[in-house]
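As written, the chain order gives the labels A, B, C, D, E, F, G and H, with residue 1 at the start of each chain.
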Amino acid sequence: MEIEKLKQLLEQVKSGQIDVDAALEQLRRLPYENLDGFAQLDHHRTLRNGFPEVVLGQGKQPEQVAAIVCRLAEHSDKVLVTRVDQAMADIVCTEMPDVVYKSLPRLLVLDRSKPIEKIPGILVVTAGTADMPVAEEAAVTAELMNNSVERMYDVGVAGIHRLLGQVENLWRARVIIVVAGMDGALPSVIGGLVSVPVIAVPTSVGYGASFNGLAPLLTMLNSCAAGVGVVNIDNGFGAAVLASRINQSGQ
Amino acid sequence: MEIEKLKQLLEQVKSGQIDVDAALEQLRRLPYENLDGFAQLDHHRTLRNGFPEVVLGQGKQPEQVAAIVCRLAEHSDKVLVTRVDQAMADIVCTEMPDVVYKSLPRLLVLDRSKPIEKIPGILVVTAGTADMPVAEEAAVTAELMNNSVERMYDVGVAGIHRLLGQVENLWRARVIIVVAGMDGALPSVIGGLVSVPVIAVPTSVGYGASFNGLAPLLTMLNSCAAGVGVVNIDNGFGAAVLASRINQSGQ
Amino acid sequence: MEIEKLKQLLEQVKSGQIDVDAALEQLRRLPYENLDGFAQLDHHRTLRNGFPEVVLGQGKQPEQVAAIVCRLAEHSDKVLVTRVDQAMADIVCTEMPDVVYKSLPRLLVLDRSKPIEKIPGILVVTAGTADMPVAEEAAVTAELMNNSVERMYDVGVAGIHRLLGQVENLWRARVIIVVAGMDGALPSVIGGLVSVPVIAVPTSVGYGASFNGLAPLLTMLNSCAAGVGVVNIDNGFGAAVLASRINQSGQ
Amino acid sequence: MEIEKLKQLLEQVKSGQIDVDAALEQLRRLPYENLDGFAQLDHHRTLRNGFPEVVLGQGKQPEQVAAIVCRLAEHSDKVLVTRVDQAMADIVCTEMPDVVYKSLPRLLVLDRSKPIEKIPGILVVTAGTADMPVAEEAAVTAELMNNSVERMYDVGVAGIHRLLGQVENLWRARVIIVVAGMDGALPSVIGGLVSVPVIAVPTSVGYGASFNGLAPLLTMLNSCAAGVGVVNIDNGFGAAVLASRINQSGQ
Amino acid sequence: MEIEKLKQLLEQVKSGQIDVDAALEQLRRLPYENLDGFAQLDHHRTLRNGFPEVVLGQGKQPEQVAAIVCRLAEHSDKVLVTRVDQAMADIVCTEMPDVVYKSLPRLLVLDRSKPIEKIPGILVVTAGTADMPVAEEAAVTAELMNNSVERMYDVGVAGIHRLLGQVENLWRARVIIVVAGMDGALPSVIGGLVSVPVIAVPTSVGYGASFNGLAPLLTMLNSCAAGVGVVNIDNGFGAAVLASRINQSGQ
Amino acid sequence: MEIEKLKQLLEQVKSGQIDVDAALEQLRRLPYENLDGFAQLDHHRTLRNGFPEVVLGQGKQPEQVAAIVCRLAEHSDKVLVTRVDQAMADIVCTEMPDVVYKSLPRLLVLDRSKPIEKIPGILVVTAGTADMPVAEEAAVTAELMNNSVERMYDVGVAGIHRLLGQVENLWRARVIIVVAGMDGALPSVIGGLVSVPVIAVPTSVGYGASFNGLAPLLTMLNSCAAGVGVVNIDNGFGAAVLASRINQSGQ
Amino acid sequence: MEIEKLKQLLEQVKSGQIDVDAALEQLRRLPYENLDGFAQLDHHRTLRNGFPEVVLGQGKQPEQVAAIVCRLAEHSDKVLVTRVDQAMADIVCTEMPDVVYKSLPRLLVLDRSKPIEKIPGILVVTAGTADMPVAEEAAVTAELMNNSVERMYDVGVAGIHRLLGQVENLWRARVIIVVAGMDGALPSVIGGLVSVPVIAVPTSVGYGASFNGLAPLLTMLNSCAAGVGVVNIDNGFGAAVLASRINQSGQ
Amino acid sequence: MEIEKLKQLLEQVKSGQIDVDAALEQLRRLPYENLDGFAQLDHHRTLRNGFPEVVLGQGKQPEQVAAIVCRLAEHSDKVLVTRVDQAMADIVCTEMPDVVYKSLPRLLVLDRSKPIEKIPGILVVTAGTADMPVAEEAAVTAELMNNSVERMYDVGVAGIHRLLGQVENLWRARVIIVVAGMDGALPSVIGGLVSVPVIAVPTSVGYGASFNGLAPLLTMLNSCAAGVGVVNIDNGFGAAVLASRINQSGQ
């Protein structure tokens, strides 16, 4: 191991086996060559995330995914695979029986961790029922990252009373993920009703001039309510990571 | 005049000066050749519009515009020039002292018509104060077309209580023009609150990913509230014409 | 029920069981908390629309749609599902035998309402025969909303005499829905021939630089005829709602 | 004032001057009609934001802005005007001598508040020196919202050692605003080095295929590091509001 | 038939059965109402085109196409259906045995006309072999319109000697259709080598930043060789119609 | 001169001064090395075009343009400079007094050729008066190329009777250039009325969703009338070259 | 053969069978007419490339590809077919048993050349494992062109230590191909770490606002590290050709 | 200086002033904290580039640029500022008299280095004269990086003989920079004529559907000639850096 090598080098300097200039030369090469050995960076990340391993299922072979999940499961008690269709899920679950497939958000979840108390504060809101798969991708991801998640679905702005009727729930949240396709107007309205961070997720729900989610993406980037951060189209996972970081900030 | 010529032809047929086949041949050429002579189409349009003459000022020379307005004023008691800057206005108003320049909506208005009772029913709403020039272009145009117009400005969705506090005014209108830039979300909310036609006007207010009004345009086309018709970016004039046609429908 | 609670509160104020300040405090929370209880908004909408329930079929599971239609049918005598393919239709119609599938416009229609006299005034025009599915989506929707609908199909501008030959029909309408793909030029021509509101529906008919309907969409937004409102690509449903609102305006 | 009216109503109920049903009828109309009177929403927002009044300077007349700032200064001890050029600043500062113009971020700032201890935790990073105006818009805004802000400028990924040499500073932050134009790659690298929320701000710095900031915007939305929220191009202000909400979350 | 009605009217005028004013009134309505009856326009077009009937197969049902072809075949001795896949072709050819399917250009051709001498002058050139389906759509269409067509395929600019080796063939043509995907550079080179009209057809051949033909389309529109007219992506048919009009111009 | 060199080589072969293999070796290098010497290509082009020299003024310095025009005027009796503003024109005309500046189409024209009889057949049509600068660029260019040109301006489709009233003029043309901005619908209508080639020129006239001419460009590429070739936005010059080639085809 | 003809001509000049002027006339036509005969260009290319024959499989029929490969194999000992799916591969390999199918990069490779020592210097790097198919297309192509290739996969910028840990490998390369989808940030970082040419290949890996590879394409074009050349999305083949040309430059 | 500190640490270890574990702890923090101290990376880069300091002038204040150039001139004998207008140049040159302004490529150049022999091999080619500013930016940059540069201007593909007449010059180059706007077709033709690396630079020369250089950019990315690397629109500087790296590769 690299730390050992470095220690040896220092011992050799101490004992005079190697002179200072030669040691200096070796050390100069350290920053890039031996970074893996130090690996503070990576450990640091693991420790603070509490969530080390995620796989993007889309575009991979089912067998590949199964193999990756097996290997990851050796080091980590939580593995998440996103964008998984039923066929891929069947193959992976056959090989790894304690992996669970959630078909709505198309997630494969392995969770062997001990139950701990979840941290409350994340609310996931959708404009329509068709936005639910993306919303659930966010919600399940956030839960796996030790957050407890509330859901408020189908409160789009074309029936604004549905949202206003639950405004107290908005006010309870510490961070709100708002998932919307079509006009993508919901984050602007919610952003004006609360003072906590709002994460906007455009979805590809819609047709025609939605251009596969471009319309709500632009809407959200131009939100007239300040304090709204936007993630990629259909990226429930990314929204959950950001929300979890915010929710666990200061913990 | 063409009608006269046609009458002569029929008289000649009657009197036997021309035989039926020769007359038939002349008539076959009528639809395209002599359309100007008939001009039902155009008169028809004038009668029903009550608003014959509009000039797009942008891209023309001030002198050209002055000359056009003079000529139009000979036939029509109302002339409207849109997208006029102060320099053009100064030149036109010098030549035509009864032309009025409205600087906010950048309109030149000539109105020598007799005062008549305006038809109520049009409400113009804006999301922000920066949308007012486009809104006023719509409002002044609609007024010139014999509609009385109510205004409700600066009620954007990021402060939804401003809109909801005036919902009764929304319910009084027969047709609503909603003007919004940035996220363009307001028509979706209003479309869900009313059952009258909503005309959405995206504006180029904003910056960055607004892409000069593309963002609110797409938002409005994807409105999750049905019953919303969209016009071109910053096209307050076009919205007013459509609103006036709706408001005066059945009159 | 919320109204009851509010009544109780007032009775308590009246009887002195609760003092004015405490009651005031409770009332302050009303606007958002208890909106569902008041629900004027929603009832208002139902009453005036005469058409409460629409489902977007696309992107849902057939079983989901069947369940939703069943539930809606308990409260409403009319249900419409849009963007339904044959497979979904078969499943829904098996469970709900009085639901009718219209394959051209891909609509599922449940209509248990009593026959009433339809309101005349809506004309649906297409540029080509390939635009008919979208046109029929508009026409069937408008009919279900108690309008009688006339159709004028395949009168695109490349054979302008086809349109001009039926110009009297255009002049009879109170509102005209114009459906066109490819160059999307028809609404400009019709907009110049009539003085009633024109609703333009771009379709994804075409290929190459049509970019799935972007070309006719832009054409229609830039129409040199004023008084044209545009809806989303292929959105026959939305055009019908807007047309119905215009047609029934003032009724 | 509206609260007074409501109190009167309750007093009348108590005294029997008005019966319960009539009072009920008046109350039913409350949610929309009298919302301004209640204004919980707005007060609520003011209290938690500690930052009530912002004006977008761009597109307004200098005199308008001066008038708005005067009016706002009557109610609020902090006013911020964004996107202000030198000419506008001169006019406003002449009328309001305690308004300060910051030329790099093009901000007008009025701050009459008492000095309080700022909340540490926000780090603003830029890829290049040309991104500094946007970064300073973010930093000054965040400071005005009672956050203390650290700056790390000109650490773009093409000289990755500049960033890595200061990684400890990254690890100290509670939320990081990353401002970058051109390739917009910096948020991805930083997002992988930290576990706190990252707010990415694309800038219009660049030329050609940057398409006025579209390139870095897309880069950031597609960041391969999760936990990155994106705001509009050049929107330093919006990033600051989001960062402040995150930084003060739980306070 | 309408001409008959018009003749009757004139006869009635002649005989005094109807007076001149009543006849005038009927004639005023002619231009739009009875245009079909006159149909000069349409006959005119047929006569000069020598090619009256074309059907876009794409997006239609095979049975629909079969029915349309049958009906058209009653009036016209040439029918062309474009964008036809094998399945549609099988069904149509079963019902109409003298219809021929050309699989490369995906055309259905019915040609019962008497052989006449073709007019020489059209040359169809492609950049690559993958552009051949579009090129053949053009060539077969032009042949059906009584032009004889030469072909020069696979002479793209990356091997410029292939084109230059056949430059005499270019110089023989009266009009040249150039079909190219990917970089779409060929029309610029050919446009500089000849002085006859060049019709450029971009194809969707390519991948990635070709964006389904957008790249060659823009290339061709920006051709540094003047005298190049561009048609829609993959529109071999349209290019052929234009080329035929040019080739037969003055005949 | 190169031809001389080649002749010398052959003389040397004939006289035996150089053997066949050495001559062969020299000849192998000919096609690329000495092409200028042969220059058939270029002469060929000059002869057939009758119009050798055009300069794009935009983006050049006035002095540069003056120098280029001077040099070209030594070899050619006709020089055309396109996209010239008044300042550039003043400088060039001072140095070259027989150069004429046409301000509407922004062209500098030098024509010292002997008057010859122009070839009739080109018609230039515009949708609006704002399209005239582009139309005149086309018309003047075509005239300089020895065509006589007819003009039909301001016959846009929103007043279709204006066009139909002059349909005989359309039928007289051998090739028609149609110039239109905004919706760009006019070429589709004209394409359906005539059987001669139509060249469509989109213009940047318009605003908002015209996107500087993208809207009419797409409209024209998707024209439902076949036989329409499109050139670049505002490219009146290119349209004229193509029209001239068509008009003089077969001469 | 053409050289022979040219030789004969010279012999005839020498012997006096043909005079100099007649020979001159024949030679004048050479550059275009007989280029194939000379074909220096093409031979030249073959000699220096060492890699004459490549076929784009996509969009062709398997039988066509098999036939093309057979024909090419007669003249060339190396044939490469790109973008080949399994079905096409099966058919081709059945007919040509010594063709090898590489399924990851979807390449068909025929290599009957004698083993020679490969030229070291090319390094292929990917951001993620999903970029491997494109990377392998590059690597296998480069190997077939006589380069030895090193691979460094899955070192994306979100885990920058992975890349930095192998920086010595970067420094060993003479040219580096960097393959990345999503944010496409890796070339910017690598471009800053090395001083050799970097070829950036955007991939269509990603979803949503990746817009099929547009996002990384723009990122790479805007790279803040100079010295980066970009090829088309997913174009591993093109990157390999460029890298090979660079790597073998000066050999 | 950091190297000194590291040396001290090792001396202390050697002398026993600090024990191995404490030293180890300090070293673990090195990679990120003290990277500047090591700075191999940066020195490495300087050594191999021979060209350390470049400033993007655009978007900076003249005074800022003057100050930056002064500071850089203390460490480096060559400084280059790109995208500089005349006004900025005047100010900088007043303060730094040995800075030279090249107005065509808009470059400020400071070169106090001793004359050395330039490395031949780079050829810069343009399609038109309007592409010269970008070409000169490339050429001057490459010369400053110790390359000798040949130029071949105005050889666009619409007059292909101009290029072919100089093909020997193409064949002499070791790397070719091809600069082209409008259709951007030149790199495809040159890429097919040579076997050395080609760097394509799209320019914003053109109008309309050039979309400020998007058209030639896409053309070049889709080049049917392999071996072409593309840089940003108008990025002559970047092309030069890449060309210099290739040209000096292996030196």
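In the analysis below, a residue touches a chain if its C-beta (ideal position, glycine included) is under 8 Å from a C-beta of that chain, and two chains touch if they have at least 3 such contacts.
The structure displayed is predicted, hence computed values, not measured ones.
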For the pairs F-G and G-H, output the one whose chains share more C-beta pairs in contact. G-H
Between chain B and chain E, what is the separation of their C-alpha centroids in Å? 39
Which whole number of Å gives the spacing of the CA centres of chain E and chain H? 50
Using CA atom averages as chain centres, what separation in Å is found between chain B and chain H? 54
If you look at chain H, which of its residues touch at least two other chains? 31-32, 35, 41, 159-160, 164, 192-193, 208-210, 214, 217, 221-222, 232-233
A full list of chain pairs that touch reads A-B, A-C, A-D, A-G, A-H, B-C, B-D, B-E, B-F, C-D, C-E, C-F, D-G, D-H, E-F, E-G, E-H, F-G, F-H, G-H
Can you name the residues of chain G that touch chain F in the complex? 3, 6-7, 10-11, 13-14, 16, 20, 23-24, 27-32, 35, 38, 40-41
Can you check the complex and tell me which residues of chain E touch chain C? 29, 31-36, 39, 41-42, 56, 58-60, 83, 202, 204, 212-214, 217, 232-235
Listed in rising order, the residues of chain G that touch chain D in the complex are 127-128, 156-160, 164, 182-185, 188-189, 191-193, 206, 208-211, 214-216, 218-225
In their complex, what parts of chain F are in touch with chain E? 31, 41, 44-45, 48-49, 54, 164, 171, 174-175, 192-193, 195-197, 199, 217, 221-222, 226-233, 237-238, 241-242, 245-246, 249-250
Please give the residue numbers of chain E that touch chain G in the complex, ascending. 129-130, 159, 161-162, 164-168, 205, 207-210
